[in-house]
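Scrolling down, you'll hit the structures one after another.
Common to both upcoming complexes is chain A, partnered first by chain B, then by chain C.
And now, the complex of A and B:
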């Protein structure tokens, strides 16, 4: 349905998009996920015709739309700060796209009214048609913006951080509601977000972007369970990034040695091991395998228990259940056995430059969870 | 009105008292003196002084010219402000500063300069003369001077509002299929309308009271190109204080009513927006 091919865009000397290709199927809801400056908004604006690529092309239903202006593209845009027309009532805001049509294509007044009221009831705003945007809450405003975009029956709905300006509770509600609405209308949608939880929860497919490139495209499960790059690992979810040495098919993280069969041909190289906290198994000495680690700190966070351990000179974060915590009687200073159920290794060469920044992102995203 | 909630500056009583005292001292007392003076002359005498044919013609020119000039300034000022805000071009800062010159220039200097340019043998006047257009020493010249001095008022009131306009509004409108003219008429104009009205009112008031620059270019032919403020000065020079105050009172009342109407219009507009 939408096909972006080898899109490049620079602003001055800053490469916002660097050879990005993306295919979006009819009826799909896709999330563009990435840190700020990753090019996700630029890509969205190019899809919507608000920005034009320096090279590459954008196809809509197979037809070249690269240079088609936003006006003729029939896309619905929803902005983070709603961009409602302040001097118009809710009704006039929603009706705007219909009223500006040429006389030939414009529906009659009665038809417009009917359509607007239908849309307003769909976004659960019946009865607010005559209010002004300033009299609405943030969540209501965003729903008006959505109804306004849907009024022109767009081929695609493009949403730029649609829930970014709302508080956590409303945001959660609204994104479930968006998902339901999408399932009902089957409209093709693309939304930009820097919130991984939002992307994983709402989207059919997630496009992870970093520094003007696509790092990975996949379903939320694929993205979370099989991150393709160190960046995706760090950007999605909490993860331990541990320096290691890779020698002849094995990875050594301090005293811990794990099999790394895909690197069998590597004689000796520096690498980094990525282990999710919930993939770390803890057991009493003598009861399981792995290496010894010392508990440094234990914090109980609702259903899960977060344990900070030191393994050699590394600090590792593990997550375990309340029950397991009770069995092990974890306390600072205690020696436990540590074994990663699952880990992934990357050689340091080639991506070192990209991680410094993503480390900060990691700190931010884990703070948000 | 009573004090509502707590405000930044404490003490509703003292602040209101100060405001009224200040306004009274600076604005109301001199104006009241004007009315007392006029009231002392008797109704018949007042009508004779304030509504003589020559005076009526002067009102027409003053109010008509000021209204026309303010209208021209609204259009031209919006355009100037738009260009200064939306485009980046070499010398933008320079042009931005030039806008304020009519504020700063002594009005007599402006009048002499305008006369020199628009006189039949002036830089611009010599090209208009063959076309049969006379600017200097005609009512048209009066309007030109009034446009000149009023421009900065419109530009400076509209400019900050244009600056704060979010481009996203226009982008949304485009994506919904609106054309340029529709966007201007339905999105931009309503947003800058209150500022335009304020600018209009300021430019109008300034043009109405303008004396220095207008009298040089007007030629001051009684009944044709003579403005009301000049008439007042003329009467004063003839020691006809009562006549001068009579004209002044009429101008004052008329401009007060006009400004009141403009303010009400603006209030009505911002109420309609549900005042954010």
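And now, the complex of A and C:
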């Protein structure tokens, strides 16, 4: 449905997008996820026709739309700060896209009124048609913006940080509601977010972006379980990043030795192991496998227990259940066996200077964990 | 934006005052004294002198042929100069606030030139350019076009001097509003013309009106630039301020003050309209701030 091919865009000397290609299928809801400055909003604006790429092309339903202006592109765009017309009522805001059509295509006044009221009831704003934007709450404004974008029956709905300016509670409600709305309308949608939870919860597919490039495209499960790059590992969820040595198909993290068959050909190289806290199994000496580690600190956080351990000179964070915590009777100073259920290794040479922001950044992160 | 600043200043005033009573009283008295001495007293004098020989003489001075011609000319100049500057100012502010281009700071500087150059100099420049001995003088004479010492020159000088008023008022307003609403409108399929009239203009209308008010007051009151290019032909190229000067130089004080009282009245009306706008505008600004 939407096909972006080798898109590049620079602002002055800053490369906002660097050879980005992305394919979005009909009816799909895609999240563009990344830190600020990763180029996600630029990509969205290029899809919407509000920016034009320096090179590369954008195709809509197979037809080249690269140079088609936003006016003729027929997309719905929801802005981060809503951009409602402040001097118009809610009704006039939603009706705007229909009223500005040429006389031939414009629906009659009655039809416009009917469609606006239908949209307003869909976004649960019946009865607020005559209010002005300044008289609405943030969540209500966001829904007006959505109704306004949907009024022109766009081919695709583009949302720029749709929940960014709302407080946590409203945000959660609104994103479930958006997901339901998408499932009902079956409209193709792309939204930009820097919130991983939002991306994983709402989207069918997540596009992780960093420094103007796409790091990984996949379903939320794929992205979370099989991160393709160290950046994705660190950006999504909590992770232990541990310096290790990779020798002949094995990875050594201090005293802990794990199989790393994909690096069988590597004789001896420095690497980094990524292990999720909840992938670390803890057991009593004699009851399981792994290496000895010493418990440094235990904190109970609701349903999970966070355990800080030292493994040789490394400090590792593990997560375990309340029940397991009770069985093991974890306490600072205690020796336990530690085994990662799964881990991923990256050679330092392989990613240095490409995907992770800097080695210092990594050092800081692993020191933090 | 001047209006916004005044409003926020008015809001702050109540909280900022922590001085003792007598300091407050002294400062207020000082303020009132200065205001009275420099603003109210001259104003009273103008009207006092104007009516010094009674109301009949006052009105007689106003319906004098030359006075009427001056009033007509002043109105004509304002009617031409103000709309022109509304268009120029709106276009220039639109360009500066909504687009990014290389010569932007140059354009902003150009807009400010009439404020930084003495009006007499700007008038003189027109004389040097379009006067008989000026650069374009011979060409204009050959084509029988008379700019200097004629009405077109007066209009030109007035347009130049009053150019910054509308633009200066609109640029900060438009910049603070950003381009998101226009972008939203274009994505919804609106044409540039439609966006300008249905989205941009309603958002800037109060600022625009304020700019027009100031522009108009200056267009009617301008003396320096107009004085240089007018040639002071009674009943033909004399605007009200110039007519006041002529009458005054002829020791016809009463008539001079009578015409001057009209200009003073204009200033008062402008002031009242401005106050009304601030009052009207404050609610919309508060609404915008809540958004």
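Keep this in mind: the second predicted complex is superposed on the first by the 352 of 369 C-alpha atoms of A that agree within 3 Å, B and C clash if a C-alpha of one lies under 4 Å from a C-alpha of the other, contacts with A are read in each partner's own complex, and residues count from 1 in each chain.
Methods note: a contact is a pair of C-beta atoms (placed from the backbone, for glycine too) under 8 Å apart; a residue touches a chain by one contact, two chains touch by 3 or more.
These numbers come from a predicted model, not from an experiment.
In this overlay on chain A, chain B clashes with chain C. Once chain A of one complex is fitted onto chain A of the other, the partner contacts of A:177 are absent, as it touches neither chain B nor chain C. Look at A:148: by the touch rule set out above, it reaches both chain B and chain C.
In the superposition on chain A, no contact is made by A:224 with either chain B or chain C. In the superposition on chain A, the residues of chain A contacting both chain B and chain C are 48-50, 69-77, 79, 81, 83, 85-87, 96-97, 100-101, 132-134, 148-149, 151-152. If you check the complex, the residues on chain A that touch chain C are 48-50, 69-77, 79, 81, 83-87, 96-97, 100-101, 132-134, 141, 148-149, 151-152.
By the touch rule above, chain C contacts chain A in their complex via residues 180-181, 183-191, 194, 198-199, 202-203, 287-288, 290-291.
Put simply, chain A touches chain B in their complex at residues 48-50, 69-77, 79, 81, 83, 85-87, 96-97, 100-101, 131-135, 145, 148-149, 151-152. Chain B makes touch with chain A in their complex at residues 166, 168-169, 171-179, 182, 186-187, 190-191, 272-276.
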